[in-house]
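Chain naming follows the written order as A, B, C and D, and within any one chain the residues start at number 1.
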């Protein structure tokens, strides 16, 4: 019984890493899947900027090369969030989270706009330093309980995970793109190409939901 | 299923109308009739509709359906007494929907609305801290179990008042004209809604109606417990009036002030939950 | 006060210092709550066979036989334990004739590390090069766009 | 009462270093220095993983390391782009001996052969080094997208091998060999690409 997410009804085994589908993880997985498909199918918008001092306005158009690259990044981001939603292993989850972090950088880094690139760089620095609390959190979970599997941890027979270790994990996820570090992200969101930029937002929200579930399960 | 959805929609729009009425009366205006929002929705259904030339057309149209879809799903989860995390997950997806609305058109006003909706994602964090506080007591996040727990131990509103307060702030951030409602600020025309007109705007009203009902209902279920239907309606109306008073009597914050305030609340909540966890839960 | 805080967080240059400070604070909290119990019953415990030619990475006995692996779900990977001793013919010759061939993924392929990485925790390893792959794609895209 | 074991003492030391690292990071203003400092901060995290003290720790250190390197690579390139530092007129080594004699080719071929014999990660590294050396010495305008495609395909082979492990474990031998060869070519191609990315911009 996974206390917080409800009873899992399907397990998918990859050796020691077992993916599980409980009501909560399945819902999140399906949402990630739907949005990924949605994002893949839609074309980017043409962002309109007003040219000050005259009546003119300009529409920014995304070049085909950039379009392909960002579509690829958005898809990878979607796949990573899907994986993070259903994985039943703490370390695997942190890896998926950092994959989400780096695809988010990729989605906006391709934009040729100094301001956006600056924001992307700062966000990238945060997401890179966030791997420190993430991975150390996962390692400390293993050391203090002797397992990394959420399914085992949820059984309650293992020693409790110290609160500080949980905070490490949550802080790591926050660093991968949640508020209040969103301020940097919001600047990234000024980039044109709504469907792809939305993936950044979606993936970090979903991952945050999942880490709450994980922290409460442990 | 369809009657429930329609009832929830109708009720939610009425609540929003009530909100406008209360705010207007506080400001010494007569205000629109209570069913004004409903009339708006009905009117927009028959208005002329097209997709702007600069928009990402699939996204422009699809995001309306997505918005309606997620709130219908949330409503069904509430009715089924499902997991509260799913409801809050959907609540967070509202951010994505706002973002999609704002960015898909290419309009700068919509874009600012969308960007602000991303900034205001800070409002979600108090939500999760309050969820953690609840889980410490109920040991489950299924709505059924939470309601059952309250039937035995009395309303959670009295057991964990700070959690209720945090969740109240979250509700507040989704009310039009509230201190945290930076997303639809009037300096941005209509924020993320700017470019969606006609039929799409009607869809937005459907979204808003469902959203209001679902959020208020969840709040009542989680913090007060199971009630008869009439009781639910009365408590939700009272809650709405409290919210309207708060909205009318507080200034709207700048986006980053709003983030700061919500982050501070989150910090306080974290300390509180930490204290509960450290002292051990009675019962 | 609130205004001052929001002025700080509104600028993205301040995000990294904020995050670093948060990390430092959490680390300090971790130090305060420190003595953590280390659970002795760990997965994949480390035992080193000093006598082996494959020292320090021989934990699986002779090549192409199944070693005993203490994994989380032994039932899920029936072939666990074979990969511990994967050697190419040439490295096998080196291993047989000298005492200086450690077999790990960073020295030579094979060894218990590969067993964990490839077999029981394969999904981790799939995700990890995917990160590398994505990072690489970003770098090469940015690099090439300038040409 | 929880006792102070070796694990907790080790953790104390590593966490103190982490605090120092993060403190420095929070004071640093320069973008490039921040990037370098983060690399420094990552080391305590590897330390914490290593304190696990099992084979699992070793297996976890590797992804940790790779993620750090990968993000460093991407961010480094992003830094160059955002600062507009593309004007690096470096092309090859331009040493006369290396330009004309057949030695670089022979050395490269030897390295590649040795790498193939070793196979796996190290083999890929060594073979990749050989190719990088060849490119450096001759300043080839190599076909970037071709190598990229090769890297992608070998990556796919490698991933495929993992799925064989998971879904058809009875073919583990085939999977091991496919993985060993896949990673050989993958690392080789990646190294070659990274090695040629310097100095070729305008």
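Note that a residue touches a chain if its C-beta (ideal position, glycine included) is under 8 Å from a C-beta of that chain, and two chains touch if they have at least 3 such contacts.
None of the values given here were measured: they were computed from a predicted structure.
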Pair sharing more residue contacts (C-beta pairs) when A-C is set against C-D: C-D
Whole-Å gap between the CA centroids of chain A and chain C: 21
Geometric centre distance via CA averages, chain D-chain C, whole Å: 14
Interchain centroid distance [CA atoms averaged], chain A/chain B, Å: 23
Where chain B and chain D are represented by their mean Cα positions, the distance between them in whole Å: 46
Per-residue multi-chain contacts in chain D, two or more chains: 7, 11, 18, 22, 25, 34, 41, 52, 56, 60, 63, 67, 70-71, 74, 78, 81, 165-166
Sequence positions of chain B contacting 2 or more other chains: 256, 259-260, 263
Chain C residues counted as touching two or more neighbouring chains: 9-10, 16, 18, 20, 23, 30, 36-38, 42-43, 77, 119, 121-124, 127-128, 131, 134-135, 138, 142, 145
Listing of all chain pairs that touch each other, if any do: A-B, A-C, A-D, B-C, C-D
Complex interface listing, chain D residues touching chain A: 7, 11, 18, 22, 25, 31, 34-35, 38, 41-42, 44-45, 48-49, 51-52, 56-57, 60, 63-64, 67-68, 70-72, 74-75, 78-79, 81-82, 165-166
Chain A residues within the chain C interface of the complex: 13-18, 65, 69, 72-73, 76, 80, 83, 87, 89, 91-92, 95-96, 98-99, 102-103, 105-106, 109-110, 118-119, 122-123, 125-126, 129-130, 132-133, 140, 142-149, 152, 158-159, 162-165, 167-168, 171, 174-175, 180-181, 183-184, 187
Footprint of chain A on chain C - complex, ascending: 9-13, 15-16, 18-20, 22-23, 26, 29-30, 32-33, 36-43, 71-73, 76-77, 80, 119-124, 127-128, 130-131, 134-135, 137-138, 141-142, 145
Of all residues in chain A, those that touch chain D in their complex: 13-15, 91, 95, 98, 101-102, 105-106, 109, 114, 117-118, 120-121, 124-125, 127-129, 131-133, 135-136, 138-140, 142-143, 148
Contacting residues of chain B [partner chain A, same complex]: 53-60, 62, 66, 82-83, 85-86, 88-89, 92-93, 95-96, 99-100, 103-108, 111, 114-116, 118-119, 121-122, 124-125, 128, 131-132, 135, 139-142, 256, 259-260, 262-263, 274, 277
